[in-house]
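Note that chain A is present in both complexes that follow, paired respectively with chain B and with chain C.
Presenting the complex of A and B:
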């Protein structure tokens, strides 16, 4: 009997050690940071794909099942997912990921949000009341998120707290080292003008001293009109803006047309690891790609 | 708040209740206020989530009406993957019945839902239990119990404003027993066929009494399927292709009656107890071919087996076979507004062909509630 109990306890311990935290993450950028912090202790499921528009993900029923089985949900927290997450949460009937539970992790906590509107009117397009939700692409914000996840994961799995701390430190140390390298690479282009399709890059531009105030969309979420594009073309010529950045889900043809009339180049970028080729490695690989390709494009055009 | 309007016309002289069976359909030549619907939702407290849909309507003679379409609360943390919803809610029967007009791909409701579930769709106060089955794919079971009387329980104990329905007048009897409630059940399952394609299907059934006689009841069965493809590089949800099909079958056990003059000889006619069968379906395809633009095509078909009262006293036009084809084109200037142009080719047995054209416009104020799949 004693032997049997001993075997059972060992089995249970082994099982306990095997059990990974089952974590669902809304977007691939947050997922890659969660992977870096969680390491072997977590099983990550990502809902949105890196190439699709994160504002308009379909609330597929299979996501309800994923959320139902989750130990935790990681979301942006700034309403980027407002168009598809609420009905999924309603169907998931999972107490662990209800608002206020340790299993509900909102990554914008502690992040300084840009473009928080002083006045809420949709005459300004699809603006977010909590500020621009595309904040993860700033490495300093990624650092804040990683530190937040270390604490949040430790609450969920206190036994692995030390591992999370070590993983988190490795990741933030790498970020710190990389940030110096990235800043140095983009330093020669301080004040360079960029044009983007959607207003999803202010955090990145601000971090690296790039100027980004021309957008192919007249207002967030409003499709470009010929008159607006004509005005953008005129301003690009006047300000010598030579690089247009386009996310994988946006209309590259529109950007190409504008580029042809202005002698600019179109650069494929993504906020999400895996959104463009060569960024599959994770967050650091993504920012590496962004910095290197931007530096190259800006150097060629100057 | 979603406000929906339509303007247009038809060659038919019986638009409201004739060619257009839905309560939110365009109902006259010229302008129609299809509805201004207020939606409120959110957490009630740590235990419940609530939802309310209140529709403001403007009748064809200018009178304002208010409809409490839905007002329910739902548990958020019941064990065992269970969830209870209580209040006034749209019955989980098929796909179109639980959708508000704002989410429809067409200007009007499918004919089969107007004919078998009524102009308002099926909704009543009651309680619903649903269970998310522990399968690797999405699979959910619903059981509902609701009141079976009133205009929103059309094929059940609705008195049909004291007008003849299926050859009989319906009395307004009260609830006598547990079996006088309306019971509904549904099973839905979904599979991701690939990274870009999702399939959702369901089987539904309704059981409840009707008031055409002493011991009379109705059963409605339905099956629905929805398939959607969305580009891996979708922007604003475009491009996409979706296909939705629903079929419904009603078995209506009607009592013997001498209440209605069916052959217009001023003498009420005798009709025997009988079982009346109707069925119908619609199939629709939507193609979001570029951001903001959707082209749609829908086919409707309904028919009924000749009933004894029809054999005796002539065909009931409200059960006659009917086809309808509806191509349309929708433009969404943003996700908060839309403009839709639709043509209906309508072929009704014994009445003939009618053509209708409707231009619909809609705008949304306040938060845009997220859409279910």
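Presenting the complex of A and C:
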């Protein structure tokens, strides 16, 4: 009898384990939202590390295996991963996650994309035809993504639809509450000038009323040239821009050099939970960090 | 139930690593053969230089605004490589040369690399693309790429087989090659031009580091352990095959970037060959 029970429990456990949706996510920011919505019902694997440049991710054999076994693939949908994901998908040969399938979830659906180019030319730098792909860092967009995931997960696992809805509601409620707090914290700095290395922060800046039109890169993806940096330094002095934000995978030295000649401060930021210390907790912890450290840097420098 | 795991694992490995494995078994054969020539000619870094010149062609193509995977790319890098082959043909040093050819090869390498950086400074994410050419995309190689490259290598192999006398004389007995009435410059150019083709195509599949390793390491092992060209070639092929399989297995088992894993296993193979050689020496000195 004992043995029988043991077998039954094992069977149940195995069944439970199988019922979990096996989900691969391209970047850690989307992964953290997917985790919040999916909860215990999903098993999440993230491909890009939080400190890695999401434009360039090193392909490893395990990626192909994970994609091959995935029930769903969550991606940004705005070609941020265009450089490395397509060949992996071809190698994975998984019909469930091909374009157009319910298992292929594109998070930018319903998101208002910024900087959609009117014409495409490489002369303008690394331009994404669907608009700037760094949209997740705006909490309002995170809310749209969460709601989208609730629907997408329910399609894949109708039995758990109610759980996804509850989880999603919890997450969006927390976001709503937090957004009021974040907006209040950054309200005193409305119109403050920021400088960033790459054009990856327009969504965040627009949400919180910060001004961001100076970039250390002359064009997206093109390394800073001396003449361009000199122009940036001159403009920073003119506009009294005092904070330079840099993602972990970009060249911090360039930012430090510019900061030295302008009296600005370099602030480490990341779009991905875990990209800088203290943001490991997930999406909300990440935006908490961004808002708090920015508010502190702006307060000190003004 | 640990013993049930390996079969599943093997099937899994095969499903992911099938094409890289086929590429690694099919393509390095000719590289090993060329490696024997290159080692004998003592122009070890000529392939790095040629690969860099080929990459410079890619950079030039990107500078003109083409995407890195544009078909133009191949022809540009080929054109640049042939230019490089011409340079190496006429810089082959004689014993009395003041500046050894090795120095010129080094100079071509660094100038091509620096010129590439200049061109890519105006191209979006050019530096990262350049980085990619270094380790290649072996893991995601397509059957079409393999077929294309294998066909090209077969043709080159046939040319080398038909004219083996001339090529072997040129590499292994260069001092007497001209005396015996061989058109040295013509055959040297052909040698480097074909070599350029091989390097350019393999760089697209496996990257610069892998080309160099497949070229030099198995040939070095063969030269270490045997005297005749045929024996060296057989040993080289054996080393290349074993290291490919080992490297691919390690890449899968420990989840490492594929190209770099193979390069390191090849390095370990050379170490083994050297140890084997010293044992061999020890045994023969005792006897």
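The rule we apply is simple: the second predicted complex is superposed on the first by the 285 of 302 C-alpha atoms of A that agree within 3 Å, B and C clash if a C-alpha of one lies under 4 Å from a C-alpha of the other, contacts with A are read in each partner's own complex, and residues count from 1 in each chain.
Just so we're on the same page, a residue touches a chain if its C-beta (ideal position, glycine included) is under 8 Å from a C-beta of that chain, and two chains touch if they have at least 3 such contacts.
Just so we're clear, the structure is a prediction, and the values are computed from it rather than from any experiment.
Enquirer: Once chain A from each complex is brought into register, does chain C clash with chain B or fit beside it?
Expert: clash
Enquirer: Considering only the touch criterion stated at the top, classify A:59 as touching first (chain B), second (chain C), both, or neither.
Expert: In the superposition, A:59 contacts both chain B and chain C.
Enquirer: For A:299, using the defined touch cut-off, is the partner it touches chain B, chain C, both, or neither? Pick first, second, both or neither.
Expert: Neither partner.
Enquirer: Is A:95 contacted by the first partner chain B, the second partner chain C, both or neither?
Expert: first
Enquirer: Identify the partner contact of A:68: answer first if only chain B is touched, second if only chain C is, both if each is, neither if none is.
Expert: In the superposed model, A:68 contacts both chain B and chain C.
Enquirer: Residues of chain A touched: more by chain B or chain C?
Expert: Partner with more touched residues of chain A: B.
Enquirer: Check whether A:234 is in contact with chain B, with chain C, with both or with neither, and answer first, second, both or neither.
Expert: Neither partner.
Enquirer: A:87 in the overlay: touching chain B, chain C, both, or neither? Say first, second, both or neither.
Expert: Touch status of A:87: both partners.
Enquirer: Let me test your reading of the model: by the given contact rule, A:184 touches which partner, first (chain B), second (chain C), both or neither?
Expert: In the superposition, A:184 touches no partner, neither chain B nor chain C.
Enquirer: Quick check on the superposed pair: does A:225 touch chain B, chain C, both, or neither? Answer first, second, both or neither.
Expert: second
Enquirer: Which listed stretch of chain B (98-106, 170-178 or 206-214) steric-clashes with chain C in the superposition?
Expert: For chain B, the listed stretch overlapping chain C after superposition is 98-106.
Enquirer: On chain A, which stretch or stretches are contacted by chain B in one complex as well as by chain C in the other?
Expert: 53, 55-56, 58-62, 64-65, 68, 83, 87, 90-91, 122, 125-126, 221-223
Enquirer: Enumerate the contact residues on chain A facing chain C in the complex.
Expert: 53, 55-56, 58-62, 64-65, 68, 83, 87-88, 90-91, 121-123, 125-127, 219-223, 225
Enquirer: Inside the complex, what are the residues of chain B that reach chain A?
Expert: Residue positions touching the partner: 43, 46, 49, 74-78, 81-83, 132, 135-138, 140, 188, 190-192, 195, 198, 200, 228, 230-237, 291-292, 334-336, 368-373.
Enquirer: For the complex, give me every residue of chain A touching chain B.
Expert: Answer in residue numbers: 49, 51-53, 55-56, 58-62, 64-65, 68, 82-87, 90-93, 95, 98-100, 122, 125-126, 221-223, 248-251.
Enquirer: Going by the contact rule at the top, pick out the chain C residues touching chain A in the complex.
Expert: Answer in residue numbers: 12, 15-17, 19, 65, 67, 121-128, 131-132, 137, 139-140, 142, 251-252, 255-258.
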